[in-house]
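Following are the structures in question.
Common to both upcoming complexes is chain A, partnered first by chain B, then by chain C.
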Partner chain A sequence: MKTLLERFRQLRSYPTAVIGLIIIALLVIVSVVTPFIMPYNEAIRLWRGGEDIWGRYPRNAAPAWQNWFTSTDVSNTIILDSVEGDGNVTISDLSADTREARFSFEFDFPYDTFPPELTVFANARYDSKEPFVEMIWITPDGREIRVGEFAVSSNTSFRFNQDDRLQRRLERETGIDGVSVVHGLFDDPAQEGLQVLPGTYRLDSIGLLFEPESELDLAFVSYGEVHGVAGTDHQRRDLSVALLWGTPIAMAFGLLAALATTVITMVIAAVGVWYGGWLDAAIQRITEVNSIIPLLPILIMVGTLYSRSIWIMLGLVILLSIFGIQIKQYRAIFLQVKESPYIDAARAYGAGNMRIVFRYLVPRILPLVIPAIVTLVPGFVFLEASLAVLGLGDPVLPTWGKLINDAATQGALFNGYYYWILQPSVLLMIAGLGFAMVGFALDRVFNPRLREV
Partner chain B sequence: MATVTGDFNINAEVDVESIEATARKARTQSLVRLLRYTLLKLVALVVTVAIGVYITIFVANMGGEVDNIRMATIRENVALTATADPVFRAMATEERIAYINDRVELEAKRYGLDRPFILRSFEYLRDAMTLNLGYAQQLTSDSGSRMVRNIILERLPSTLVLFGTANLLLFFIALFAGLSLSRRYGSFADKAVLAMAPTSSAPPWFYGIFLILIFAALLGVLPFGGMVGAPPPDNPLDYALSLLQHMILPVSAWLLSAIFLTTYNWRTFFLIYASEDYVEMAKAKGLPDGMIERRYILRPTLPNIITSFALTLITLWTGAIITETVFNWPGIGQLYARAIGAFDTPVIVANVVIYAYLLALTVFLLDFIYALVDPRVRVGGGGPKQ
Partner chain C sequence: MNNDNGHMEISHTNGQALLQIKDLHVWYELKRFGFGHAGYVRAVDGITFDLAQGEAIACVGESGCGKSSLMKTILGLNIPTKGDVVFDDTSLSATKGEELRQYRSKIGYIQQDPFGALPPFMTIERILEEPLMINGVTDKEERRRRIAKILEEVKLTPINEVLPKYPHMLSGGQQQRVVIARAMVMNPKLLVADEPVSMLDASVRVEILRLLRKLQESHNLAVIYITHDLSTVRYFSEFIFVMYAGEVIEFARMEDLLDDPKHPYTHALLDASSDPNADNALVYREIPKGEPPSLVNPPPACRFHPRCPHFMPGLCDVKDPPNFEVSPRHLVNCWLYDPEVQATNLESISVNNAV
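After this line comes the complex of A and B, so read on.
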């Protein structure tokens, strides 16, 4: 074991290996921390959630850091929620039963681009008479625009863009034919063309409650064209959930598959060589048959016909990879080792078969196997992504590959949502490179013949 | 994805061992032994192919589960046609149900679904092994044929032109670059290739996405995918140009994902052979570099180069499922993916059996080719456990 440690220490003299080790360490830390920040079931629940979870997130918004690289300051999401204590709420009695609730949401809009959508979410508790809300929009230059009115049942949303009367009213106000609601509300009338008027906007809502026990909550959302650290997808889901949870899944898949296939292959080869005879012959034949069976099509078939669970895929990948071509390579080495004097010595002192296999044969090829394990990891990480890109990703789990698949099916490249594909791809690339760089360095450390050349 | 450079050292070593064993035996016995060896090897290969293909048939039918899906489809289609036809609408309900059941049974019989799957699976195996590829269940060729042979032959040219170009470029660039790097190891180019080798951990489709992003989406100079422009140009020259234009990105993606690692592997391989004693001896004799390279490095490594080349050629057959999907290339790989999606087992099995035969044939022929190019090797020397 001491020599193993020494060899790992030699890695320090390879700069690429140091970078690779740092990357792997970071990925492992993220993988370990993620389940504590967001438990497995919570991640699945969030990723499968619909409007109820993601309603206040914009659709297809780029990550917020995009603003650092562009001269225009793209609109970000603004949420004002009376439940959270945002805005001014005053309640006054109009008569014995009727009360008036005034919600005044004031917000600063410093951005250069229009928000894609505006929505007011309303929630009311009442017995029989629905509360009624009327809204007025006040621009920084003091214009007052009546937005509209609606009756509030338990969960109501008023989408500005879908209100035809508001759109026609704005056409009259601005004098621009076919102006969209957001353009009409945020346009600077003093300037040529459509330009955002920056400044402090206000949305005043007057709610009429017709029962003494009724209550009303309002929330105003100005959706952004950029959102959060990772942006959002076509279902308004925050991509950071998938990017974060993709890390432990990629690590688990890659490491487990690489470790399991290599170790099992090594043990099978050692047992075959040691016992020889029909067992060895059987292992050889299985390896040959296995070389004909195509891995990816079999995975696709099982994915299509049986189950797409990532853990079943992992098991299958391991099963189909253990009788890989490496068996022949390890076998050739074991055949030589088997004839070594120290094996005879072990037999002479009465070592059992299993003891010889595990204590005397297997350790001899560890120098070959350790770099192999590390080098195999990226292949399996990308295999998971490949399956996802074919639409065979795990149906419930968010993974990097599934993000790429979602983006590809939604035409992200075509529509210019580059962040959607770039973020998971860059993470995949970094993870792959990290392991590959360490693997290459390990190969040179453990196989001095390579180091000389 | 797997590179083929890993395993051929063993073959070479085993064959070297085998020479010494065979050299002692009498020449008259050689021919008999050669024949017996050839026959045994052929039988072993055919049995291997048969087992591999049978497993594929079993998986592709999900152990008979696909039959239920097909029965349900048949029943639905029959019921639909029956309800849509005014003649049957006039029938009494019971009469119509009886009629539908009769039709379903007839259809099931036509597809052979009335007999147990296990029996049929062996018939499928027999058909597959005799390359009687039969008819597809769902897919048709673009010309409308249902014959699996036509479907595959229609797609073969597009796969061959793309992956033939890509793989041959990859093979020869990597081989010669590797040889050239081995001559001046430690140089900047050598170190650069060494540093870039880890980038080969990403598959071609991955680079494909980036290339599409840069050259199609951002710059708009190359097409997103497909094989020729739409509508396809009539003029053969324009057609070829359009094809070339569409090939640039997939070929580049294919090269990018493998070129550095393959070059690195060849370079290391040649370096190890260049440090053999007989090469040192030749150098000591003062032979010119070119001669040393040809006679003392390339000649002994020829079997390995040929093996690698042969394996490159047969992988052409499978195309690349995901790369073709990403670039929307109408080749065998895409056909494969579609066949799997449509549970079209005859097409899947046809693909697997042809690949298996090609692989077996290559393994079989390589033995003889080794003997031709390397005088130390004799066919029928027997491997470790033949």
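After this line comes the complex of A and C, so read on.
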């Protein structure tokens, strides 16, 4: 019998275990760091937020890494905000009350594809007279296109795509019937068909302020077709929030469920064997009945009728798993250990029942239990994801399973949003693989007889 | 010295007994389908003897004769079905719970298989600490001191090298020394040794037996030495009794029994014991025919009669033999030594001597 530490050191001789340990270590690091970089309440607020939070994010954008694999350079999001100090802002007095604020947003557009949307967000402070904004689009080849004008109330957005007059103006400008606004603005007239004219574009906005105290802020967003490390969903939400926060949730659920189930099962088996009699018989009958009760339908029932809270689900999973069939396996070993001379010796020097159960029976089975805990983790991680995919995930928490569920309901694969399903699925698989590889290696370290098989 | 039902009563301590076994019965209930009663296994069926401080007694018998049940009952691990065990003025049948736990901790227990007797996941230090911790020695220094002292006594040195080891790192002899140290660490007055050397190499047997003898003398211990191997018995006990099918069939001083056995079963047992002598390879040894009897339905009257070479039909299978004192302190539970039987059948004596 070697110490636990020595056995864990033996893992180093299994390359799969090393890879698995690295995966687990990364997952654990992410799980630990995530709550610090994005506190729980912040994550919940972001994930439940609407246009107010996600307005400047593109809809259904692919992750930025997609550009590494394609020859076309897909447009990325460009945000220019006067509050952030972007663009040139000059303010001049026109009369005693009226001032003119000129916003000049200049940006480089090197991409091969058109942006899906263009929007100007305006925010003004005034007493009674709304400021007025007029915008001009200047292309890299020097053409000037009047975009339009609008009166700014406190929070106003001007969506280029939705402006009919701009669309008709661009039809005349380009000579293409039914041309969309973005195509019209970025098209290279020198080339056949719709081609992006790469270069430096400029949006000049002239804001008229009719009150001395009035203030005006403008922001221009050219939405990208790719965004960030993980892309966005149909509600413009950044998928990285859910991918990041899904990690600690998956880890917590998997580890807690695996640890609690195994430890409680082991203790139940040990207590049953040690006390024997009706207690053992009762445990055996409960186990047999419990082993034919299907877990998932009960979870679905509770999720549908009572609560979908992840903690309720976790409790239920543990409750339904502790009288698992492993009790039989542990019992078989405990029955053997119970007859060991050292147990007799312990009783002879006065060890009490609880001491014998926890100090003499349970340690004997640890070599079997430690690999079991690790191997069980992916099962519970997948179970949590499965519940979410079935629409029974926690209504509040962003998780991996929830992303897959959202993607499925939004027809992600049909629409070509492969990344929406790919990323959470790959994370689930990697997590499962990591634990499985370590678990199998541990099994070999702790139960050397397996090495021959 | 005979009681009504013919069970042997062995008393030689003149009221100064440390341990008194009084008409002890240990029966295990057999169950049918988990609840119905299906009879008893009569593992120990009426045994009485005394043991004084500083005295050693050996108990021999083949496997399944009830010696382990007797031993476990003395240790307080089994509950007497009938009768009682009184150790150090504590009656086993009257103790429960915490008292029972304390009763157990006052008797040292040495087991047969030293490797099995030591929990494989504990260090030697931990193994020796456990009894002390359980019995309220909370001071770490005190525990260390007592462990060091006892390891010194069982000659397991250097102590600091031994303590952090696990049982599998020690040799069989060293393991048995740890078992002895564990049994001695609570300073018991009584040591129960269950075949302490039968699993050891012949080379270390004598050392372990000498060690036990030395401990017995230096601590004035009472020792119950249980074995099936008569060749190791000589080393320490003054008295010996032979068990067969849950009963004591012969009791005597060590030399008397070994040199002049009376009961036919004792004869057979002595014949079967190994003696490293090359001539023995050519000697045909008669062993009792048949197998040890069922303890659920033991044979009526004398339990040895189905296997006995001197079986007297109409007597041995009908009437329980009383104890006959063939010489001072030598009791035998056999009809062959009934003066009446001997008178009516003079031949039987010569038969007996021929065995």
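To be clear about the criterion, the second predicted complex is superposed on the first by the 451 of 453 C-alpha atoms of A that agree within 3 Å, B and C clash if a C-alpha of one lies under 4 Å from a C-alpha of the other, contacts with A are read in each partner's own complex, and residues count from 1 in each chain.
We adopt the following convention: a contact is a pair of C-beta atoms (placed from the backbone, for glycine too) under 8 Å apart; a residue touches a chain by one contact, two chains touch by 3 or more.
Just so you know, these numbers come straight off a predicted model, no measurement behind them.
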| item | value |
| --- | --- |
| Partners on chain A (chain B, chain C) - clash or fit | fit |
| Touched partner set for A:Gly85, first chain B, second chain C, both or neither | neither |
| Larger contact residue set on chain A - chain B or chain C | B |
| First, second, both or neither for A:Gly178, with chain B first and chain C second | neither |
| Touched partner set for A:Ile292, first chain B, second chain C, both or neither | first |
| Touched partner set for A:Ala281, first chain B, second chain C, both or neither | both |
| Contacts of A:Gly193 with chain B and chain C, given as first, second, both or neither | neither |
| Partner chain in contact with A:Ala351 - chain B first, chain C second, else both or neither | second |
| Partner chain in contact with A:Phe414 - chain B first, chain C second, else both or neither | first |
| Partner chain(s) touched by A:Gly142 [first = chain B, second = chain C, both, neither] | neither |
| Least Cα gap, in Å, left between chain B and chain C after the two complexes are fitted on chain A | 5 |
| Chain C-contacting residues of chain A that also contact chain B | 281 |
| Chain B contact footprint on chain A (complex, rising order) | 16, 20, 280-281, 284-285, 288-294, 296-298, 300-302, 304-306, 325-326, 328-329, 332, 335, 375, 378-379, 382, 385-386, 389-390, 404, 408, 413-414, 416, 418, 421-422, 425, 428-429, 432-433, 435-437, 439-440, 449-450, 452-453 |
| Chain A residues touching chain C - in the complex, by the definition given at the top | 1-2, 281, 340-342, 344-352, 355, 359-360, 363-364, 366 |
| Contact footprint of chain A on chain C as seen in their complex | 34, 72, 75-77, 101-102, 104-105, 107, 109, 111-113, 116-121, 130-131, 134-135, 166-168, 179, 182, 186 |
| Interfacial residue positions of chain B with respect to chain A in the complex | 1-2, 6-7, 10, 13-14, 48-49, 51-53, 55-56, 59-60, 62, 65-66, 185, 194-195, 197-203, 205-206, 209-210, 212-213, 216-217, 224, 268, 271-272, 275, 318, 321-322, 325-326, 336-337, 340-341, 343, 348, 351-352, 355-356, 359-360, 384-385 |
